[in-house]
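Let me begin by presenting the structure, written as structure tokens, before commenting on it.
As written, the chains take the letters A, B, C, D, E and F, and residue 1 is the first residue of each chain.
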Amino acid sequence: MMDTATLFGLCAAALVGLGLYAFIVNPQPLRKIIAFNVIGSGVFVLVGAVAYRGGAAGWGGDPVPQALLITGLVVAFCASALAIALLQRLAREAESVTLASDAPAAPPATPE
Amino acid sequence: MNLADLFTVAAVCAGAFFFLAGSVGLLRFPDALTRLHALTKADNLGLGLVVLGLLPRVDGVLGGLKLVVIWLLALLASAAASQLIARAVKRSEPGA
Amino acid sequence: MSEALNAGLALFVLALAAWMVVARDTFAAVVGFVAYGLLLTLVWVQLHGVDVALTEGAIGGGLTGAMLVAAAARLRRTEAAARAERPGWPTRAAAALLAGGVTAALAVAVLALPVPAPSLAPETAANMGATGVGNPITGVLLAFRAVDTLLETTVVLLALIGVWSLAPDRVWGGRPGPRHRADPNETLAYLARVLPPIGLVVGVYIFWVGADLPGGKFQGASIIAAMWLLAVMAGLSDAPPISRGWLRLALVGGPLVFIAIGAAGVATAGAFLAYPDGLAKLLIKAIEWALLPSLALTLALILAGVPERPAR
Amino acid sequence: MTRDGNEGPTIGAALTRFLGFAALWGVLIRSGQPGDLAVGALTAAAATWASLRLLPPATGQVRFAVLAARSPRFLWQSILAGIDVARRALAPRMPLAAGFVAYRTGLPRGQARNTFATITSVLPGTVPVADDDTGMVYHCLDTGQPVTAQLAADERAYGKALVPGRAHG
Amino acid sequence: MAEFLLAAALFVLAMVALGFVRILRGPGDADRMMAAQLIGTGGIGALLLIGAAMGVGPVVDVALTLALLAAFASVAFFKAVTDGQPDDTGAAERE
Amino acid sequence: MAAVMAPFVGALAAFALGGRNAQRVAMLTILAGLGIVAAAAHSGGGLVYLLGGWAPPLGIALRADGLALAMMLAVAVVVLGIGVYACAGFKTPPGEREARAPFVFWILLLAIWGSLNLVFVSGDLFTLYVALELLTFAAVPLVALDGSAETLRSALRYMLYALAGSVFYLLGTMLTYGVYGTLDITLLGARVAANPVTVTAVALMTVGLLAKTALFPLHLWLPPAHAGAPPAASAVLSGLVIKGSWFLVIRVWFDVFPGVVTMPSAQLLAGLGAAAIIVANVVALRQERLKLLVAYSTVAQIGYLFLMFPLAFDAGAAEIGRGGALTGGLLQAISHATAKAAMFMAAGLAYGALGHDRIAALAGVARALPLTVLTFALAGVALMGLPPSGAYVAKKLFFDAAGSSGQWWWELVLDTGGLLTASYVVLVLAHALVRTDAPIAPRKPVPRIAELAALALAIASLALGFVADGALGLDALWGKLTLSDLWSAVLVLAGGAAIAAAFARDLPQIFGGAGRFAFGRPLRAAAVAVGGAFAGADGILRRWPVASLALLAAAFAFGAALLAG
């Protein structure tokens, strides 16, 4: 059977892939924010696996990446919060909130 | 295996059984409100029994009390959440 | 047995992630995310990162979940328009191919990581004595890599400014979010009356033990922020107008104390963010005590949202 | 819990709550270090302040001693509730007769009734779904059971622990 | 003993997953919220079991945090569903 | 360290004091910060500062090398220019205690500055990640400062795409830690070796940073975001913010993984840059609005910033190395920071005076706002790379490197880029110089101080050539400018005019005749069609699914190119 770090490392790789797929194809921005969080969690689980591998000195994991993880989690939370605030404000100002393309403020940049 | 271990095994098994019952209830019960019963009652009891089973394994009375505090908090959360969800259901479909 | 548990966890996590990707309904995906956050907490415990588990439980399971649930409900009316823009199968196939490729590349990388794994754990252990604290994570966050933590508090504050910057001009300086009302004799209000004081005790506890055991200011601050938000959602408390002087001071107080102590280190210990011998633990605690209220307030106000109402 | 005098309830309630929060701190921290105790006292004071603001003593009180005395009944009923659900869920024919039951309670709206509702939501077969001036509405797994009588019995048992006060404004 | 506790944790998780399948499919949002509630209770149970098996005391604190915040998503859900509904006493002010 | 912390302390103080004080604190901080940076630059490079006294790998070191100091100095100057310029536009209105836009702007300006300084000096990959996020969090609200639906959408697109970029960067960083057990740049530089994990890490980090820099074709967010923001904010975003992630690409390639990056991957990087120059310049030429034109010009100029990578390859060692090409890239960046900031400021002033920024309706602006048009022209000259601008010296350095390594095709790209840049600058100027019967009455008075600030930055961009010439001892300008240089400058301008006549959407009267005369209708029609096709391609590339697929595809391309070496 696989060891813990490898198992969760592979799990992390799959999470990143799943998140990326959703990030690309889901038109609803809130889903993109969720997808970002899935990608992020995949990265974090990977870091967790790296930390687990580095367990030494009586600790179950390398404390340095674990500390980085805490920072990363907080940053990701802030990013989600800011993005959601933007999205809600956009929903109040506009009918459609999708991001597939932008319509520049004045006449479109694409040819007539 | 001493008596305390036996107790742990018995209680945790019983707890696990109620988790099973709760999930079966969720699968089989026909509507949201009946499923809510399964969720709050069976799973809370399951958690309670797990806590009970772990009591002999913690050091000191305070450690055990901490587990009980966790169970009570989970109970409060579950009771409040079930009422809130029930009210939300009742409002969205008054006839249900 | 541990392996089986890990495998089960990994499968469950992946299934939930897949659910979030394929679910038609955004609300369904959001609920999946809440569960996902809770499950990741278990993953962190299995990966021997109890500190991380605490953070994930407080932030991922609590704050982010609540935020997403509220947003999904508010954004429901935009669903139909968004669904119509679902890209065609060539795009989806290409996305699946490329995303799968990334997964494959990462999997190869994971399998190719060197054995034995490099680690800074021994080095951390050797230097922990100088910090005076017992929790290596706290040692890393407030001594060895203190600047990261300082910047992180700035990140949180910037996110708040970003949220505030979305306020309509006429209500600038006003109160964030809608004024919540709820029947004061109902379940929600009841929970919001009983739980927050308990949560406050738990939050401070998680913060306070962080010096020597898993825990710390971010986790504690998240819990306290969540409790305050509960009272706000039940209409028992209201967010203060953002123009209040005391509020601004409270928000920047923590980071400023951090910087001041760091700057004092230049004079007393020869480097920014250095602590004089013997005083390390005291100063670290001072910084943490200063940061806790600032962080709790900042996180709570980020969640409270964009100012929407005039100050009165 | 003292009930004498005008400030009596407030001061008494404050003291009780402070002790309660301090005890919670003690359970959590499990240490007698002076620093830990000092922080605990501070935290308990802050929690008491928050609690008094959110839940003024005048809106009702809970007699914890009485409630503690009722805890065996509560635990037993929780077990019955779990077994009840398990029985119904696992039985091949799934005996359900779900429906709503109105219950007139003697407990006024507010803290006392909320606490009662919270307790009964863990009891067998009942989940409170609504609550207004006319009474409470429960959702029951089996309306064939004497639900109202059962609830009345529970109210007699737990009601002694619930001192009603004025409703929240 | 540790093996047994871990097995119990796995079993609880499996049960949670079983219930999950049913309720994530809906039909209503309330059913889905129950899924979150379910994993809250089950997760706390599994955490306590894992913590006891590994002998790591602080895991209990993680369970404590989860228990404290368990109702949080449901509260947000209730607010979101009832906001602006006519029969909501003092419906929240909408802008 | 003081240079990094000063802006943050200023931002915190501005936040706490609020209202009118925010602006005062900001200006004081800018002056103080400039002083600190200047002093640091005077004392010379090579400073290493151990934060908290902890040495890497456990601790974090700040390293102020020559690169970092040059960038810090340049950024401080640009921030000062923008600060002076914004004094009028972001003033708290009289009678109000605090207004939203000024409050937010001044705090975020300081935050961006502090983050950039941190990016320049930090020696730790994870600290750099946090700095990048700081930069993004500070930049996004600037985009949506006016609160309209369109800018909110741009801001959200920017934010999400940038977040994807940072996640990629973080992923690469953590893989690196998994292999080498350190995040310190110097330690890594000594330890790294080419292996599959490292290659994956480099590819991910590079692509993540490119997404944040908006290198073609990962530029979906840039044009609307930079064009929609208020002028001072656009200047910050275009002149400064993108330089942060760009600088990090340099750090990653030159300092962290010098032995891992390969010639094919560098060619790929520069190839994307070349594509940016060609496509974005043509699309810029086709814009109807001045601010969008300038924004597309930024997309093109970002391309220039990546041309140096293959040129910096040491043919003998087959390794990337510091040298003339890197210096040229740095000059290019500084030159662009100053010139583009000035250009956005000028465009903003014209917008403020006219109430619109349609290029076809700029007639008479030159008479109404001579200083502004002069600023635009000077900034344009600087962007074209004509002498004596910094970009000219940079170009010289590139040509040297290209000549010695036999990569003549990059010279071609550079010259084409110069021509295309000239074309839209000439086009705008031609529109602005058209005389109108009645002089334009500005809708609101144009603050003279703002005009001067913009002009000063444009002149700085031109004068940069002399500074660089002296500092580097190149001896390329003083007295060395020959008649042929002058001749080639004229050629560039004339060629630009011809291209403008062929491709532009609307031609001013003076061109109308010339266009018909010189090319004839079929040629003009063909050119317009080609331009339209470019714009259409750009529109497709900037659709969300396509752009995010491009992100992943680029990652694979870099992975392959890194392995191919």
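Following the convention adopted for this analysis, a residue touches a chain if its C-beta (ideal position, glycine included) is under 8 Å from a C-beta of that chain, and two chains touch if they have at least 3 such contacts.
Being a predicted model, the structure only gives us computed values, none of them experimental.
Touch-path distance (fewest steps) from chain D to chain F is 2. Of all chains in the assembly, those touching chain C and also chain F are A. Seen from the C-alpha centroid of chain F, the farthest chain centroid is that of D.
Chain pairs A-F and C-D differ in how many C-beta pairs are in contact, and the one with more is A-F.
Chain B and chain E, compared by their mean Cα positions, are separated by 11 Å.
Centroid to centroid, with C-alpha atoms defining each point, chain B and chain F lie 58 Å apart. Taking the mean of the C-alpha atoms as each chain's centre, chain B and chain D sit 17 Å apart.
Here the CA centre of chain C is 18 Å from the CA centre of chain E. In chain A, 16, 20, 24-25, 27, 29, 33, 46, 50, 53-54, 64, 68, 71, 75, 78-79, 82, 86-87, 89, 97, 100 are the positions where the chain touches two or more neighbouring chains simultaneously. For chain E, the set of residues touching two or more other chains reads 29, 33, 40, 57, 64, 68, 71, 75, 77-78, 81, 88, 95.
For chain F, the set of residues touching two or more other chains reads 58, 126, 130, 133, 137, 140, 144, 147, 152, 171, 175, 177-178, 181, 545, 548-549, 552. Listed by label, the pairs of touching chains are A-C, A-F, B-C, B-D, B-E, C-D, C-E, C-F. Contacts from chain B toward chain C in the complex involve residues 73, 76, 80, 83-84, 87.
Across the complex, chain E is touched by residues 1, 5, 8-9, 12-13, 15-16, 19-20, 22-24, 26-27, 32, 35-36, 39, 43-44, 46-47, 50-51, 54, 57-58, 63, 66-67, 69-71, 73-74, 76-78, 80-82, 84-85, 87-89, 91-93 of chain B.
The touching residues of chain C, counted against chain F in their complex, run 87, 91, 94-95, 98-99, 101-102, 105-106, 108-109, 112-114, 117-120, 123-124, 127, 143-148, 151-152, 154-155, 157-159, 161-162, 164-169, 172-173, 243, 245, 248-249, 251-252, 255-256, 259, 263, 265, 269-275. In the complex of the two chains, the chain C residues touching chain B come out as 186-188, 190-191, 194-195, 198.
For chain D in complex with chain B, the residues that touch the partner chain are 24, 26-28, 30, 75, 78-79, 81-82, 84-86, 88-90, 94, 96, 98, 117-119, 121-122, 124-125, 127-130, 137, 139, 141.
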